[in-house]
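Two complexes come next, and they have one chain in common, subunit A, joined by subunit B in the first and subunit C in the second.
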Partner chain A sequence: MLDYAIYRIAVLVPTLLAVSLAVFLVLHLVPGDPARNAAGPDAEEEDIALIREHYGLDQPLWRQYGTYLVRVAQGDLGESYRSRRPVLDELVRRLPATIELAGFAMLLAVIVGVGLGVTASMRPNSWVDQAIGAVSAFGISVPVFFLGLLLMLLFAAKLQWLPPSGRGGWANLILPVTTLGLPYIATFARVARSTMLEVLSEDYIRTARAKGLRGGAVIWRHALINAAIPLVTLLGIYFGRLLGGAVIVETIFSWPGLGRYMVDGIIQRDLQVVQGCILFFATAIIAVNLVVDLLYSVLDPRIARG
Partner chain B sequence: MSAILPFLRFLVITRRYMALLGVAVIVIFAVAALAAPLLFDWTTATRVNLGDALATPSLDLPLGADEMGRNMIARLVWGARTSLLVAGVSVGAALLAGLLIGGLCGYYDNRASFITMRAMDAIISFPRILLAIMLITILGPGMTSLTLAIAISSVPVFARLFRGPVLSLKSRDFVLASRSLGAGDMRLLFRHVLPNIASLVIVQGSISLAEAVLIASGLSFLGLGPQPPVPEWGAMIAQSRSHLMSTPHVVLAPGIALFLLVLSLNLVGDGLRDFTDPKSTRISPGAAP
Partner chain C sequence: MSEAAPPVLAVEGLRTRFGAVRAVDGVSFAVARGETLCIVGESGSGKSATALSIMGLIPSGAGIVEGGSILLAGHGELRGLPDAAMADIRGRAMGMIFQEPMTALNPVFRVGAQIAEVMRRHEDVARSAARDRAVELLRLVGVPSPQSRAQDFPHQLSGGMRQRVMIAMAIAYDPALILADEPTTALDVTIQAQILALIDGLKERLGSGIVFITHDLRVVAQIAQQVCVMYAGVVVERAATRALLREPLHPYTKGLMASVPGTRPRGALRRLPAIAGTVPNLARLPVGCRFRNRCPSAFARCAEAEPPLAPPVGGDPDRLVRCWLHAA
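After this line comes the complex of A and B, so read on.
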């Protein structure tokens, strides 16, 4: 177990280097002169030259990457071309909003999704199962931005129960979290149902039933623990996807998080911001996947040995 | 083509009426997309006519007009063309690339294929929408970069899916028999191994189409897809969203079209999987972006 953890953490270094190289190259693959992009459309030649020198854009590419790595290692992600504010400060300022949104959406997806999936698996092909199946087909097929607008139309405009946008109290959380979470509720429900159906046909479940355990104990104590393993792997993958979805949801609900910051950066062609955001997202996803994999090897010791 | 009738019969016998409906919806959208230039010419779909701005549905304008007075039904039909073109081309290209990478990596199980598959794992753990955003930042927004971005981010899904079956098929008796008759690697791979994963290709292809339509519309909603005046459902919703409260039809029409297409592709994908592998209880995790 310890060996496995050390191996996984050692692999982190080359992974992060590869990610930083990819993100660094993004800035340099963008057509046009980065100094000119930074200066804006109607800048003087002298200003462009000044910017080129200031950001070291006249150096060879490998040296620029070297300085970039050193800067990033010191926590300097550059500054926005527009606002002149350091990108890292802005990321740190906006991080709590995104964590709040993504965290509650994930929590909602796991609790409701797994609950629905397990319920559906207890009586396969019953009307309950079919109703849950229909809800999850809806959930994986509705585009998040359309769902968000519909919920806003219904609960904020027509019924006026909830605030339409912005961040604030609990009421502000309900619509964005539901919008972001629904597709993942559906996904977790589908996966939980199918893994539970597989687990429930195993011999040890029959044994547990044969020794007289009640249905509930069999389902929750014996079956779900074993079905949890594939679900935990999914957590890692879907955390990343959830962050991707947050980009759209934050745009709809004017949520002051990282996703909106990145979209604004793309639209304004503020490449330092885009670069910083992508590097930040990538690092977060790698970290979460590491934690999930380690958790996974605790749940299923065969992984670490194999 | 010859497998369509048995599939439809299977859907009737197993009472999958929703999937049957999905087949019908896909056919309608595909026909509309192909016949778009015959149904409405390009100017009808893009001409600005402020006199009709936000018109409600009428005989002349069956779905009303958007905030620029453009004919909604014409834009919807041309939007189907955009969505299906982007999704079709990107999934087709990704499928071929994935088949090649997955097939070769499964067939030649060596160090190079190990490294390639680890690279695929790395790409897959990164959210597709962010990967697409990164590529579009490089290439600039537009239909081509949207298609390319979706294609590239789909390749690892196919490569991983196809490698396993190829790995197990290549040591099966019928392949070994063919090899002993003198067949070369390429002939074995393309004539004997790949035809045996055709059903996987069809099932994953359908689910991937649903995913591609969703991601393409999401990116277009953010303004990273085809630029105006090209009609695209996600972009239409983004442009009209400020009129959602007063004249909801300008947002509801493209939204419902998008939802119906994605739902149909998912339902048909589920139906196809049960059709090709009746024992399977597995359900795809779904197409959430």
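After this line comes the complex of A and C, so read on.
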């Protein structure tokens, strides 16, 4: 188990290198001159040249990448061309807002989604199951930006029950978390339903009932743990998508998180900001998937100590 | 069955249906304390459905026990009991051992905990006390170094050991009735013999009545006092083991016995006879005897009506057979 964890962490290094290279190349090969952008539309050629030199943009690409890597390894993600503030500081400052949003959305998706899925699996093809199926279909098919605007229109503009945007108390959380979480509630409900149906037909479920266990113990103890592995996999996969969704949701609801920071960076062609954000998101996704892989062996003893 | 011992289980006219399929179509038998009754038949004959009906484990969406009576000593009529009441009886007054020890244990829990769960369910015991009793049960069913085996996950045990774990679970409360559904079929021959001896020994020690489902007549000869031969959802022959093996009456029973290797006289190598054809579609049974399409002795009357399960004319009054050859 420990060997496996160490191995997996060691493998992270080349993965992260590849990610950083890909991000670096994509951003440096897209058309447009970052120095000219940073200087602004009315800048003199001299100023632009100065900026280019200051940020090392006049160096060959491989040398720029080398410098970049060394700096990243030292925890320096560069500074914003606009605000002149270190990107890492900005990331750290905005991180809590995004963790709050994505964390609650994930929590909502897992608890409500799995709850609905398990409920649906207990009486397959009943009206309850079909109602849950219909809600899931809606949740999966409605685009996040549309859902966000719809909810905002209804609950903030029309009914005025909830604040339309910004970060603050619990009330501010409800709309963005719901918007971000709903598609994942639907996905988790579907996968939970189908895995539970599969697990409930297993022999060991019949054994559990033959021991006299009641329905609740059979479902929540014997079945759900076995159904948890595909669900945990899903958690890893959808974490990345959730961060992508967070970018949109943060923009719609003016949520001061990483997603909006990145979108602002993209709009302003602030190379260092975009680069830093993407690298950060990639690292987060890889880290979550590592945790998920290690969780398998905790959930399923057959995988452990292999 | 001796007259003195009241039956631990008396099944009368049991009928279980899965949609249009009448899997169990009027099955009756009784088992006394300390007695083993074997139910024999091919796949699809309704053996397992009979056992699951008794346990109340027919999946509610798929099938329904629609008729008959299941009397369990000390508990009375089981048919029609709500599932909560059945759950109190299962694992306590009756235990079941399943065919596939590989899949019948939950892969994510340690086997000791899975056994202890029976005690934790049926009485208010501390976790440690339940665990100690689980180890004791493992010792009782012949698992070596039970203390450390209890800490194993199912996949770390051999098939025979897993089946012993299943048995330990089933006998946690010295149940009056043990149902065993082909418990040795998935095992190696040598392990089979050990498990059979174990179950037979438990019957002596616990005094339970055992319903043992098998398709193997050699197993019947080893452990059963009584045999029910099932075919297409009905009992076609019921008798004391010795009488049945000495002189099978129903053509189906004869066919089963002929297809067992080593039950025929020694001699030149010969092809094992098999019963031609397969079990009929239980949703659309033929008129008359269910076996007549495969029966070597079928005659006109077999197509007219289904024969009753009755003592053979002029034969042993203690046995029953469902065949026009032996009916009045």
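Here is the rule we use: the second predicted complex is superposed on the first by the 298 of 306 C-alpha atoms of A that agree within 3 Å, B and C clash if a C-alpha of one lies under 4 Å from a C-alpha of the other, contacts with A are read in each partner's own complex, and residues count from 1 in each chain.
Basically, contacts are C-beta pairs under 8 Å (C-beta built on N, C-alpha and C of every residue); 3 or more make two chains touch, one makes a residue touch a chain.
Owing to the predicted nature of the structure, the values given are computational and were not obtained by experimental measurement.
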Original post:
Looking at the overlay, what does A:L299 touch: subunit B (first), subunit C (second), both, or neither?
Top reply: second
Original post:
Between subunit B (first) and subunit C (second), which does A:I225 come into contact with in this model arrangement: first, second, both, or neither?
Top reply: second
**OP:** Kindly classify A:V291 by the partners it touches after superposition: subunit B alone (first), subunit C alone (second), both, or neither?
**Re:** neither
Subject >> Which superposed partner A:Y204 touches (first subunit B, second subunit C, both, neither) >> reply: second
Subject >> Partner contacting more residues of subunit A (subunit B vs subunit C) >> reply: B
Original post:
After superposition on the shared chain, which partner residues are touched by A:V112: those of subunit B (first), subunit C (second), both, or neither?
Top reply: neither
**OP:** Please indicate which partner A:L213 is in contact with in the superposed arrangement: first for subunit B, second for subunit C, both, or neither.
**Re:** second
**OP:** Using the touch definition from the top, say if A:V144 reaches subunit B (first), subunit C (second), both or neither.
**Re:** first
Original post:
Is there a shared patch on subunit A that both subunit B and subunit C touch, and which residues make it up?
Top reply: none
Subject >> Parts of subunit C lying in touch with subunit A, wherever the complex brings them together >> reply: 55, 57, 61, 83-84, 87-92, 95-96, 98, 100, 103-109, 117-118, 121-122, 153, 155, 166, 169-170
Original post:
Touching subunit A in the complex: which residues of subunit B?
Top reply: 18, 122, 124-130, 133-134, 136-138, 140, 210, 214, 217-218, 221-224, 234, 237-238, 241, 244-245, 248, 251, 255, 258-259, 262-263, 266-267, 270, 281-289
Original post:
Tell me, which parts of subunit A touch subunit C in their complex?
Top reply: 124, 202-204, 206-215, 217, 222, 225-226, 299-302
Original post:
Can you list the subunit A residues touching subunit B in their complex?
Top reply: 15, 18, 23, 26, 29-31, 134, 136-146, 149-150, 152-153, 157, 183-184, 186-187, 190-191, 193-194, 197-198, 234, 236-238, 240-241, 243-245, 247-248, 251, 262-263, 266-267, 271, 274, 278, 281-282, 285-286, 289
